[in-house]
Amino acid sequence: MIRFLLIGAGRIGKIHAENIARHPQATLACVTDADAAVAGELAQRWGARTVALDAAMTASGIDAVLIASSTDTHADWIERCAAAGKAVFCEKPLDLDMNRATSCLQTAQKAGIALYLGFNRRYDPSFMRLKQEIAAGTIGQLETLHIISRDPAPPPVEYIKRSGGLFRDMMIHDLDMARWLLGAEPVEVFARGSAVNAGIGAAGDVDTAMVMLRTADGKLCQIANSRRCAFGYDQRIEAFGSAGMARADNHTATSVAVAGTAGFTTEPALPFFLERYAAAYRLELDDFIAALGNKQVELATGDDGRRALMLADAAQRSLESGSAIVLV
Amino acid sequence: MIRFLLIGAGRIGKIHAENIARHPQATLACVTDADAAVAGELAQRWGARTVALDAAMTASGIDAVLIASSTDTHADWIERCAAAGKAVFCEKPLDLDMNRATSCLQTAQKAGIALYLGFNRRYDPSFMRLKQEIAAGTIGQLETLHIISRDPAPPPVEYIKRSGGLFRDMMIHDLDMARWLLGAEPVEVFARGSAVNAGIGAAGDVDTAMVMLRTADGKLCQIANSRRCAFGYDQRIEAFGSAGMARADNHTATSVAVAGTAGFTTEPALPFFLERYAAAYRLELDDFIAALGNKQVELATGDDGRRALMLADAAQRSLESGSAIVLV
Amino acid sequence: MIRFLLIGAGRIGKIHAENIARHPQATLACVTDADAAVAGELAQRWGARTVALDAAMTASGIDAVLIASSTDTHADWIERCAAAGKAVFCEKPLDLDMNRATSCLQTAQKAGIALYLGFNRRYDPSFMRLKQEIAAGTIGQLETLHIISRDPAPPPVEYIKRSGGLFRDMMIHDLDMARWLLGAEPVEVFARGSAVNAGIGAAGDVDTAMVMLRTADGKLCQIANSRRCAFGYDQRIEAFGSAGMARADNHTATSVAVAGTAGFTTEPALPFFLERYAAAYRLELDDFIAALGNKQVELATGDDGRRALMLADAAQRSLESGSAIVLV
Amino acid sequence: MIRFLLIGAGRIGKIHAENIARHPQATLACVTDADAAVAGELAQRWGARTVALDAAMTASGIDAVLIASSTDTHADWIERCAAAGKAVFCEKPLDLDMNRATSCLQTAQKAGIALYLGFNRRYDPSFMRLKQEIAAGTIGQLETLHIISRDPAPPPVEYIKRSGGLFRDMMIHDLDMARWLLGAEPVEVFARGSAVNAGIGAAGDVDTAMVMLRTADGKLCQIANSRRCAFGYDQRIEAFGSAGMARADNHTATSVAVAGTAGFTTEPALPFFLERYAAAYRLELDDFIAALGNKQVELATGDDGRRALMLADAAQRSLESGSAIVLV
């Protein structure tokens, strides 16, 4: 039985709390949050106790820590967990700053703690099957990868300002998927973007972006992002190879089609990540617990998190400079 | 080069005229129609000559006759062709009356002429592939067949009154498909129907119908018809067997899907038979010409036409009596 | 908080136990089963206590009873619950014998207990949306209904022998769906069937069947069943009306398509009812609990159960007699 | 009646010959080809006469010229037609060399002849509908465009060597589609490519490529090409905008799906351009003839041809330099 401390009782924290509480090999032992009332409510819902933020690391009976607090606190918490020798599952990203991410990672490595990042899409059943088909050789040699990822609606401009920009905040998921599915490191990044939302543009960010990646052995990858999509949370990947193609389409709430004079209408994509990745949140927790038992897993490691951030940084520099960025 | 006499220059006659004229092994030699002006216009379009109705059978240089005149003239024309020793391709049906159909067929058989009926759906590329998959054993042993066939809009009530009723006029196509795909004769017919259109009901016919067929070896078949369909000409068949299922879906004008807040909309079915069965009309002519050269073909014979009519008659009797009709 | 007694700790009982235990307004208080060990294991899993079969009705602190024991015990348990004044949610069917079902229902009605039957398909999200589209008039006036329902593999012949036959055991679900979606009582039933599995045939049952239903106002319905389907649990419904059509297709585990020289391959249907109707089992429990609070729900009542059985009986008689059965 | 001279009786010439011959407002008057026998055979098939190459421009009774000869002769023929004052429909491209293309275009403009290029995809019914949906505002403001275009199999390496490279030979179609659908000129081109086929790589070309385009107002476009595709001629376009998305999928030969234990398999894409763009070849001829009657059409003009070539050149330079190419 793995006893968890949950740091952060917000929207994502609540998902993790429920999945931990319902997991046959896990217990939600303890919850902490800057807002004690929020922590208390969540703890009560699942029969856990609460702990103050500054007492969290010395709480007794904790085997693993799930960090779901705000992004700017991730690195600090990871370092505290390293000092306390606790296994960590941290929501992405490590940090928005590459130097801070790197130093935090080194601290964790020196301490020898298990450290995994919540790149939830690796555990979406459709994307998992895509990975398996590629690995099984169904499509022959993988040659090109095509990722489309669109949010239903942009976050508030205040969020955008603190987000690190579209590449570090949103596309980082796709960059992790690209690395994971390509099975090789991109050595070149070219990025372009636009702001169709005036407020986002005024905040110095883009809301519409395309990136092209190239690996050393010549595999090519396209990524397209938008912060707004009329037909739901658009999450699609296509992998093309020498013997064929495998693609994962959107998921829908039902299988109903309605036909009238205008044709046949099927459902829009599921609304957002809570719906689309509900299974992924459960399955990534399964594998975190399995990883603590030394099973080989698909979870993103701290180093995966650092590399995704490196690609996001390169995309941002490409956008700003107009040049392709070559990575050593 | 097969030189054709075309009898009937209406809507269906025009399709056949064009296909004959464009066929590398056929010539449209001669056109006749009760309306000489209509015949003249069509003949001129394709470089043919016209002939009066009563001189048609003695016209010189004719190898084959394509009968596309009104239903009530089919049997008479076939018998005249039999007397003249001409090969015949006749639009369905032989006749609305079983006795007349049977005697006409006997006349043709005695004369030894080639006689084929225009059950065009056998030559629709999707239904042809369905037949091939069944023959190839892709779905194992065929167990059940499911046919949906809906016209976009009902014909005028005046047409309905002369049509012989939904089963002989419309479902006869599906009954032919059932025989052709089942590869066995139905021995039982059960039919039910309704009139959602008051005018059709007042004319003593139904516009909505279902039929169930059973073969001697226990294969079952469902047919559903409607004279009106909001989303086009709905033409679908599903064949279910011990190892799987094959189905032919509707055809559309383009492959475009449009996505918005309501979901993804694809096109309605093609409008009607001229669009859906354009290829079938060409391909059935190919096979008629091939059949004259003694190739084995999928064309419906005169006897196929008689058997489809027999099933339609049985369906009508079942509708009227409330009982299943057992065929010897 | 509704405190439940669960009767029956088998496959279906386990599903209900978990859904009750996880429901925010329900508690799994007590479990009973003819096999005490099985009951004990399930009770322990969800923190419930066990009770002997003959002490179940006098167990304290029980608000509602969920009957998931074998079919032949349903009526007895319902009558005991009626005597004890407990609300009942009973797996379908009431009983295989119409007289027994009717007397049991009368007992429950006299006692005034809430009695609902687990026709789970009413709570499948796709079929629920179909019902909503029909009610909303999206397809105009409903005219015909088309139900296909195929199990992945036949049950053991020993099960078949005790099952009451395909119509009472399997098609009863579709007959309930037909009544629910048609919104009217069928007044005529015609049925045909075959046994492609020799063992099932030898046991006097069919494994392949078609039924045609007609309502007093002329709506027509087709149902097709098979006990074996190569591509999973095939569960589809199509509702056709004056303004269009709505259909619910199968569900799949992922949205992946793989393309190669043979074309594009998408997933088979989900394996069986545990996967396809997982959400339905949760949602029907929600509504049972809501119904106890007097909310109007879509749950099948005892009378719905009796009427579905009446249609199944009529189908069996039609199969045996060869005639359509007219219901008053 | 427009009387055509056809220059070139090869594969594409044959398609045009048939479409001209069958067009109600056109006549195939004359055919010329470097291979007189090939010209003779085609002329005979459609009732045309032949003419020697050097006598073609002085042949009598010619209203328009269709150039379907090899690419390196296009510019010369156009200039001869300009001198002779003939309307020209020329297969793409004008020339592989930008300077030659430009001078040829100037000659045609000075002469005032009608000059259109055969970018056939503009007349594919699915892509035409895509254009109409964008123009109609169905997807709101167009923001991003996504083009996938894959040939079934690479041409011989000897062809590759003379082809001008993937961007000028193959992607030029997609670059024209991008301009046509974006409704704006790209001002920046970034390209990357790989050679998965060793022979193509040895010839100094790529067979797998991606391009990113940006317009002055910030619209972004991705193009992906491959010279080899296991599942047919893969031709898809997706247009994303502020209110939704419209996409054109591949076309298939039939609508059949086959289901078995592995799932549901539908057909691969049509084999190649002759099949996929059969309708487009007919429809572009319609519009060429309509354009001669001063109708506004979607046909690519000579200037469109020059601009597509300019983008292809920029892509080639980007591939070689590693930099994005900015166009004035």
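Going in written order, the chains are labelled A, B, C and D, and every chain counts its residues from 1.
Here is the rule we go by: contacts are C-beta pairs under 8 Å (C-beta built on N, C-alpha and C of every residue); 3 or more make two chains touch, one makes a residue touch a chain.
Small disclaimer: the values here were computed from a predicted structure and weren't measured.
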Chains touching both chain C and chain D: A, B
Centroid comparison with chain C (C-alpha atoms), farthest chain: D
Which of B-D and A-D has more C-beta contact pairs: A-D
Chain B and chain D: spacing of chain centres that average the CA atoms, whole Å: 40
Numbers and ranges of chain D residues touching at least 2 other chains: 230-231, 243-245, 259-261
Interfacial residue positions of chain D with respect to chain C in the complex: 230-231, 252, 259-268
For the chain A and chain D complex, residues of the former touching the latter: 140-141, 143-144, 146, 148, 150, 188, 190, 192-196, 208-210, 212, 214, 218-220, 222, 224, 226, 228-231, 234, 240, 242-245, 322-324, 326
Interfacial residue positions of chain A with respect to chain C in the complex: 22, 125-126, 128-130, 133, 138-139, 243-251, 253-261
